[in-house]
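By letter and in written order, the chains are A, B, C, D, E and F; residue numbering begins at 1 in each of them.
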């Protein structure tokens, strides 16, 4: 039996508190089980040097954990003087995933930085960050739209992410920390509202995995992400309709 | 008139949420007006190299702000690759202040790290961190006592901190960000439950200040800290009695 | 038509020069098209601190590109003073992949470091590094076996890696730099000699991808990796038989 | 009895050697007892980026100790690759203190950097640096005046600094290293020629201190600083009169 | 007897493979005995900030060793986060030496970066780098000439370098690693095609050396460099004639 | 005519003030013309890790310039966060040179660190550092001898250093900054009391130099160093006799 009595196909309870930080253009506190992440979206009216003069915007992300988000205190990367490989990998993933659903031309020459700060960690911090950051970004972009700074709404589709894994012989959805540390195969999946893949990162460090296992894991992920996007949609309210409108227009 | 209609002698509303982070030995979310800080206390059964073999414990602190705690996003120190002078100055202050009320011999050869992470900033982040960190530390030490790891309760007295300043010609208690940026004189005061000073840091960058102004500011700070310690005491409940008991015993 | 006239299902010409660097315990120069990587394996009779006293070995990797491996000179990371996110991501991937086919208990408390230095880059540098590093590692482990330092041969299976992608609407095997920079979907796949997956990293930054595309890409990768492992086997000669023997024993 | 037979109210012998370094626009060697600091003032015809275009100048400071300024050799911060917290705190203090007596508009868009390098340390290095840096700065500004680059003399008042502390139960002026390491309370005070406070930094790390102790310490500091400013005035000669003239004009 | 049976006056076998890296403007693989270095020349149409606007070009060098170029693996400087003193010293030497034979005015406002990456080390890596980098630079400059970007050929003379040393009492030419580690005196000499000195760096760490020893070492170096320049000339073909032509014109 | 009217064969006025810094085991202020360097010698009863257990001592050096030692202020390396190539090169040279006259076995398992801090620079800072550091080291070693910690005096010979160069067509001894910046050839020479060479570093960046020029420069250097060693001998008094005694014994 899993903690909290959930089945192998079930997500942990998920809660998104909108507008959690008053200074940010968009922000949420997202909780998935005991994993809690503050996601803020910052809009700046400039783009990084490598994007200048192309008439396009940029979306990027930064990720960090408070030292005591984890069971054992981990040293601050600011104190160590450099970002670790895991942090870099995660923030590259979050940025890449979010860009996949944003029309950078429609955003115009401005940048959005998503800061994902894990205040409490219990597995799935990178996938939770993506799911939360999407909502924070949508709030920030909606503010741009409200301020009449956009000629076209630049979000093409919803985006959410979940982890799946094989524990023993059993595929499971949304692993917590305990499960994750015993998983034979571990996979993070990012999908759109239309059920397309944006990222698949599957690793069989303890043992390689078969095509059949891969198929089962992808199916589980699809169900979980569908549920998550419904919750995002509830929190976003009328903004969700705009996103659906863009997608509808784009695929006509 | 001050924001929220408070008088020059009045603190902002203050709220301490205990046990905010599940993994830490002690933790609070402290809110003073719109300033919000997560304070966690981590106990480790070892001391830094320079303290080894002295039969004494150590208390230290780290301080950070989330990038979007402020009105304009500030770059992460982890990304810059080094801690700024302001951060170092603040975390040295917090550690020093907390050590002043802890009996390091009674703590035994273990260390307590207080992590103060500002998730939203509106002035007084260093003083709020001290006030919150004291409570987180008391929870963690109480856990040590409950686990029968201490022969003597090592906290001697309460500790809280507030900022005061001169705006125009008027001394004011507990400046918010807006007030702080216009203050002619800015002072942070740390005091004990018995009304003794632990730290006074007063700066007249825009203009030097007189002895009379100093006296008025210290009086304001004393009132504010008294109120804060009452609130700490309420949150700590029976732990507060133990602290008072230690102090009573120590001064007999 | 693809450069060199190859079909969408075809690998570039691949060549592995064994024992390329005289000081290393194992080494190869691997060339896949115009991508050239020197892979060396270093054996050290100690493990990293976090592995000590577990009676197990460790396998890790480092990756770098010479400044002029690329069309435009890229600044050395040593000169910048830190490793970039891309480098960290790649060297974590290489190490993780290689560990998946090594029996760390059988290796004993020693470590193998695979250095993958790209001297000329034309797409697929990370997958080529994995394919070459496997051979360098096998030479180094064989040396340990010859020196009677192992009671059991610790390599469980072959391991190779290839990139696949969607250019326009067409899935293609083994992208060169030019193709990679126009790919809509980009995927790196690591597989064993038995056709199991070790890593799948698929990204649809320009556009999300469907389940059907995923299936086609995985099928292409499987074919390519099969060919690469035949080439590894030729170069390794009798060592290849030992690897097959271990696998056979392990799966009986 | 104190070393050298001085009373609790007495400064150590103080000597200021003007024009100590030939290349600098202003420089002194200041000796307070066995503490020796080289202070140089560098004028540059530009301001830091955050000050650009405001028509104002900037004054900043850097502080360092030679490795063998102390009884035990301390490692160079250049070799460690970063500035320590103590160094940052001190150089921020020196810069802030000096700015308090400079009219930045009158200085014009140029910057003055005060380098305070401790060649021999025996307590009070930060306060000695402030007292010496003021004189070096005055020489440098006088050179600007002589070169007709200023329409108005920009130094408003004298500035000096001293440490005070409580040893046992006794307040003492100008602690040397030995006394400082036994002080229960340690306070650094920066004051102007008119006897106003610029900085008060008091710390009771070993034990908190009372209002009465604070008052006694401030009175001691005032006396010491008065004497120091007389000595600065002697060294500056006619430049001292210009400073007094500015102050007189400003307060009329 | 020396390894390979050579006499004290003999160089190791030397081989220069031109155009070794396809992306670089000029490149060679140079082998001197078992020392192997990839030298690439990169031309960029800009100069460093300190050279701007002078109508002159710049030549600079970077030097590195692959981790397993040596008998024992050495840690990457990129992983350590900084360049070591030995690396800096060597790359400053290479750059300085090459600039001595280039007419920077004739080069025009562009820069040439020579990357010398040692893939296998057996003594004399810095001297081999200089000898190889000269050829890579000549190829790159010839490409500029072919592209009609130069009004005048900017290389004044040939340049090569060799190490010499005293082993026991005997002066020897071109030390390998084994010899170098037993040398009492170690000297690196850089000379031009006309037999003038560009750099002499002689060190008697184990014991000082006499004027007579110095004279013998310089004579040996001269012979070795003469042979090396003949080999450079063979590899460069018609470009060698242009270099000789420039020298001839310059000295008329 | 040279500044100060000296001839091409003449040194600048040189002055060595012994025991300049009270905490150090040995120290001097050395002045050669307007170049002024504080040299301190620190003895520690341990050796670096790579020297442990060999029964031998170690001598090393660090070099730095105060920011305003030069005509234009140079940024602190501590602020930049890393040592520059020039600094590393110089401190390696100083340490190597000093080790050449120390019997490391006789020193015993302890280390001597020479800190050379240039407080005012006017050419020849590295050679002046060597000449001064030798005297500081001799004082520190004499203190060890006086404390009966040595069974044998470990300094074999005197050591001093000077720069020479070709200005126009003329070889000159002991270049100041102005001369150095116009020198066609620049050479630093380190020699012993017996007139043997320890280091020769000659560079012809602007133009290569002939054998004849080399000979003239070495002759000039020899004269200058002879004079410097006389001055060292005067300052060291009876310690000089011990050094001469060791040399005499060693060469019998």
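One rule holds for everything that comes next: a residue touches a chain if its C-beta (ideal position, glycine included) is under 8 Å from a C-beta of that chain, and two chains touch if they have at least 3 such contacts.
Going by UniProt, the chains are A, B, C, D, E, F = Ribonuclease PH.
What you see is a predicted model; the values in this text were computed from it and never measured.
Following the contact convention of this document, C is the list of chains adjacent to both chain A and chain E. In terms of the stated touch criterion, chain E and chain F have no partners in common.
Relative to chain C, the most remote chain by averaged C-alpha coordinates is D.
As for how the two copies chain B and chain D face one another, over half of their interface residue numbers coincide. Taking the options A-B, B-D or D-F in turn, the interface that duplicates E-F in more than half of its contact pairs by residue number is B-D.
Centroids of chain C and chain D (each the mean of its C-alpha atoms) stand 61 Å apart. Averaging Cα coordinates per chain places chain C and chain E 34 Å apart. Centre-to-centre spacing of chain A and chain C amounts to 29 Å, using the average Cα coordinate of each chain. Taken residue by residue, chain F touches two or more other chains at 81-83, whereas all remaining positions touch fewer. One ring covers every chain here, and the order obtained by setting off from chain A toward chain B is A, B, D, F, E, C.
Contact residues on chain F toward chain D in their complex (touch as defined above): 21-24, 27, 34, 38, 40, 42, 44, 62, 64, 66-71, 73, 76-83, 87, 113, 115, 117, 119-121.
Residues 82-86, 88-89, 91-92, 96, 99-100, 157, 191-192, 194, 196-211, 214, 218 of chain E are the ones touching chain F in the complex.
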